[in-house]
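By letter and in written order, the chains are A, B, C and D; residue numbering begins at 1 in each of them.
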Amino acid sequence: MLIVKSPVEKTIKLENNIILLKVYAPEISSTIKPGQFLNILVSDSYSPLLRRPFSVCDIEGDFIFLMFNILGEGTKILAQKLKGETINILGPLGHGFNIEGDYNTAVIVAGGLGAAPFPYFVRALPKNKKNISFVGGKNSNDVITYGLNNISVSTDDGTMGYKGTVIGLLNENLELLKKDKIKIFACGPNPMLKALKEFTIINKFECEISIESAMACGFGICQGCPVESTNTKDKYSLVCKDGPVFNVKDIVL
Amino acid sequence: MLIVKSPVEKTIKLENNIILLKVYAPEISSTIKPGQFLNILVSDSYSPLLRRPFSVCDIEGDFIFLMFNILGEGTKILAQKLKGETINILGPLGHGFNIEGDYNTAVIVAGGLGAAPFPYFVRALPKNKKNISFVGGKNSNDVITYGLNNISVSTDDGTMGYKGTVIGLLNENLELLKKDKIKIFACGPNPMLKALKEFTIINKFECEISIESAMACGFGICQGCPVESTNTKDKYSLVCKDGPVFNVKDIVL
Amino acid sequence: MNKVDLSVNVGSLKLRNPILLASGTVGYGNEMSEFIDLNKIGGIVTKSLSLKPRKGNPPQRVVETSAGMLNSIGLANVGVEVFLKEKIPFLKNYDVPLICNIAASSIEEYVECTKILTGEETIKAFEINVSCPNVKEGGLQFGNDLNAVGEITEKVKACTNKPVIIKLSPNVSYISEFAKVVKQEGGDAVSAINTLVGTSFNIFSKRPKLFNVTGGLSGPAIKPVALAKVLEIKRSVEIPIIGIGGIMNWKDVIEFMIVGSSAIQIGTANFINPKIADEIIKDLENYCSTNGIERISELTGSYII
Amino acid sequence: MNKVDLSVNVGSLKLRNPILLASGTVGYGNEMSEFIDLNKIGGIVTKSLSLKPRKGNPPQRVVETSAGMLNSIGLANVGVEVFLKEKIPFLKNYDVPLICNIAASSIEEYVECTKILTGEETIKAFEINVSCPNVKEGGLQFGNDLNAVGEITEKVKACTNKPVIIKLSPNVSYISEFAKVVKQEGGDAVSAINTLVGTSFNIFSKRPKLFNVTGGLSGPAIKPVALAKVLEIKRSVEIPIIGIGGIMNWKDVIEFMIVGSSAIQIGTANFINPKIADEIIKDLENYCSTNGIERISELTGSYII
């Protein structure tokens, strides 16, 4: 865990109002793993007061990329950073995806901005593993495919790809998925993750998910980010420290 | 009184870390009088929460100039404004200098950043009036002569001009001052204004001073900016509404 | 856009919308009239008035803090008589409910002020500021004393037919106990909250920044505390509540209504943006209209816990 | 630069500098040790410990507010036994005064916890968190009840030789009355303040953002209130005070010392910058040295009013 002040290199606007922030942070890029996150202080003032957690989206040499859209004060300030301005980064934090292991194809399931951690994930995947992506959104505006390969898309309103949820789309492709030795890696809104949990249990797929939570510290001292664990009834797991990536079986969604 | 969002045109760094902010504000430039002030919201966030009062320093067509140095959060943010960014201005506020009247020469007395309102003052002075300036500072770094003419300088430590206070300097020039029909216009730190009050009473000079105060609203509703009045014992005057320019006889310093 | 009904009732007091301007942050209305149309806002609460004019505290009276400010104005005001003579005529030009806020240093003074003012028809209700030092009791605050608040409520009610709103101090263990006493003694509503006691020191001079040493904290910093106090009252006493504390935009208004406010007051925000009341009213109309809220009063106490 | 003496005494407790890390914002020290040298800070106050492990509240437990945050962790902790077995060994690697914070739902539980922990030599003092619901009294806070605070002080003191610090709740009318009771009953010091009660609602769902509805407000927003509480205690009771509330930098530390604190605690700021304690200690050294302050303890209560 480090605290670094890193200069912004570039702010890239993708479609759908998605922003990619390219930041020079060699200390982070050389150590962070896909699915880990950073807790970012967007301003030295007390407004906003707390850091903001972001997944590492991608890495290019000494640079890291963050992907987000403008939700509130923190992301608004981040989006306005100019080249040379620094951001204060705390990280790498938490446990990332277990990309090693006994499977042939990584199946990425992403809902909306849940796509954020996967460009780096794809890049970091061992050479001997294939990857395919299922990307869902409410509508075509909500579909983010940046940095992904072999993509199938679903939208709730049918404005793009399969009409329905991304879990519906997975079900449509069930035969295909069953043919291969797959492991599912997912990130997205809670209802999606809930449905996915059921889907993976029924179909006996290995599955890791990255979840979100309100956070204050991001590194385990505030106890602010509990998630119910299926293993220990008398204790919560912490999203920031025990996660944000969990085996889908280990937590109650 | 208006509230306008005005785009910054240019940030000019003078010597001594003094900053001049040039802002496009025709609604203000066309109505404001020398010595009046503006209450400026430097940020939409709640940090800082309140507006910051600044004298109008100068005017050029549709543009106004503010003069300040970086003291705290508010002035730091202001100093970083780029061309095109807007600032939210409330004004014109208060009563300015009475530049008309029965005198031949306006004698400007300024201590440190007390020089801020005088470039516009000089520009606005009726053609038939001369002006001379006495500018004091702790040391040469503290002496601001921007926009002034016929300048005599004093520094407490003697690093520039007369060694001593600006009131000492005035005393040195007493004969000269007494020869003319003068009116003194002053702005600066409180100890200077106190000494000036005594000086003007002893020598029977007309004198108006611009004073500062902590302020919340700047337009008379919070009662946050009292100053003891010599005229009404049972009531304070308000710096923002009754001032910031007062006849030196009207207030207790 | 459908027509939305923004009107609310605070007990028997009818307001065209829930947006009042808080005592001490609107003067007596004239400066604000340069920025907003007083005929559109829900109402004005005057600066606290006392029997005699008060000079107030020497400077420094205000200090900024993180997302807030401290003030110790010391209840500077023109006194009830000058108010009636010099301030009321201006307010008569407008169709805006006027709530007269009264501050005093004895129970008798509260009564006296109310008696003098109650005949003036422009005044639609009284708001009693109990966050004042009780001179007889050695300067302890009325607002921290259940008996005093009860007695003030009872005696003020006895000398006016107009609605009496008691403005509660948040600097107590259980604010709902005070609201209970107000209800018992016939008070029509409570305002919550007045400012929190705070201070700030200059670390170089070691002196307090405020002449009066301590002052009242207001602004967005106190919003979470104010919301909790309103909710506490709502959950334990049935009395109309006027919510106050750190309101900066329409979302804050909705939040205060959800936790139990029938109306709200805007304080510190007026200093930052004197047009804010106007803007909030438009935003509320918009919000209600796009969300199918026909009457904004439905929101009062609509929390789901 | 002259050598500066940063050491302070809080009653009989000697600290190498006045910078403590506040309960609930430092865990049990291990995560923080990645960022700062624990051997340099004044001391650590543990997360509140209870007799049995506590799971704490379901999510959501934290919400940001203007210049502050609300938390309702629900005193999640490992319990005294696991603490002794699993957390103390790590802390033994460091030379840092450990203050054990205890939370309980009955007076007996406070006593029990103290008895179990007092034998552990690594623990240098106890801080008693009285901002806990008293289960026997229907969940009312101990911290709002003078008698309860007195009884807790007396009974905890009776079963340990170590200094007992009572951490006071700010959610009361007169905090100095509580400090008086603590002194009367033999308490060694008070910590002030714990968090202010606050809440925040989602205006769309109309539900509280915190599962527990209300939470504790901390951060710079509360600093003026905390300073006023410390000053109130200092001016009316002679008892060492540990100042807490919104401290973000060395200037805030000096301000808290001037109004009467012998030492201070850093809370929320640890979340934003876990190196802050280190940085503040260096800044304090610098400040004292350049201003000719030989012993920082001179600053305690040095206000000029």
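Some observations on this one:
Throughout what follows, a residue touches a chain if its C-beta (ideal position, glycine included) is under 8 Å from a C-beta of that chain, and two chains touch if they have at least 3 such contacts.
Bear in mind the structure is a predicted one, so any value in this text is a computation, not a measurement.
Among the remaining chains, those touching chain A and also chain C are B, D. Chain centres computed from CA atoms place B at the largest separation from chain A. Separation between the centroids of chain C and chain D, computed from CA atoms only, is 34 Å.
Spacing of chain A relative to chain B, judged by their CA centroids, is 54 angstrom. For the pair chain B and chain C, the distance between mean C-alpha positions equals 36 Å.
Among all residues of chain A, those that touch two or more other chains are 46-47.
Residue positions of chain D touching 2 or more other chains: 66-68, 219-220. Taken chain by chain, the contacts link every pair, so each chain touches all the others.
Chain D meets chain B in the complex at residues 66-67. Note for the complex: chain C touches chain D at residues 65-68, 70, 144, 171-174, 196-201, 203, 205-208, 213-214, 217, 219-225, 227-228, 231, 246, 251, 254-255, 258-259, 302-305. Note for the complex: chain B touches chain D at residues 46-47. On the chain A side of its complex with chain D, the touching residues are 1, 3, 41, 46-51, 90, 213-228, 234-236, 241. Residues of chain A touching chain B in their complex: 43, 45-47, 73.
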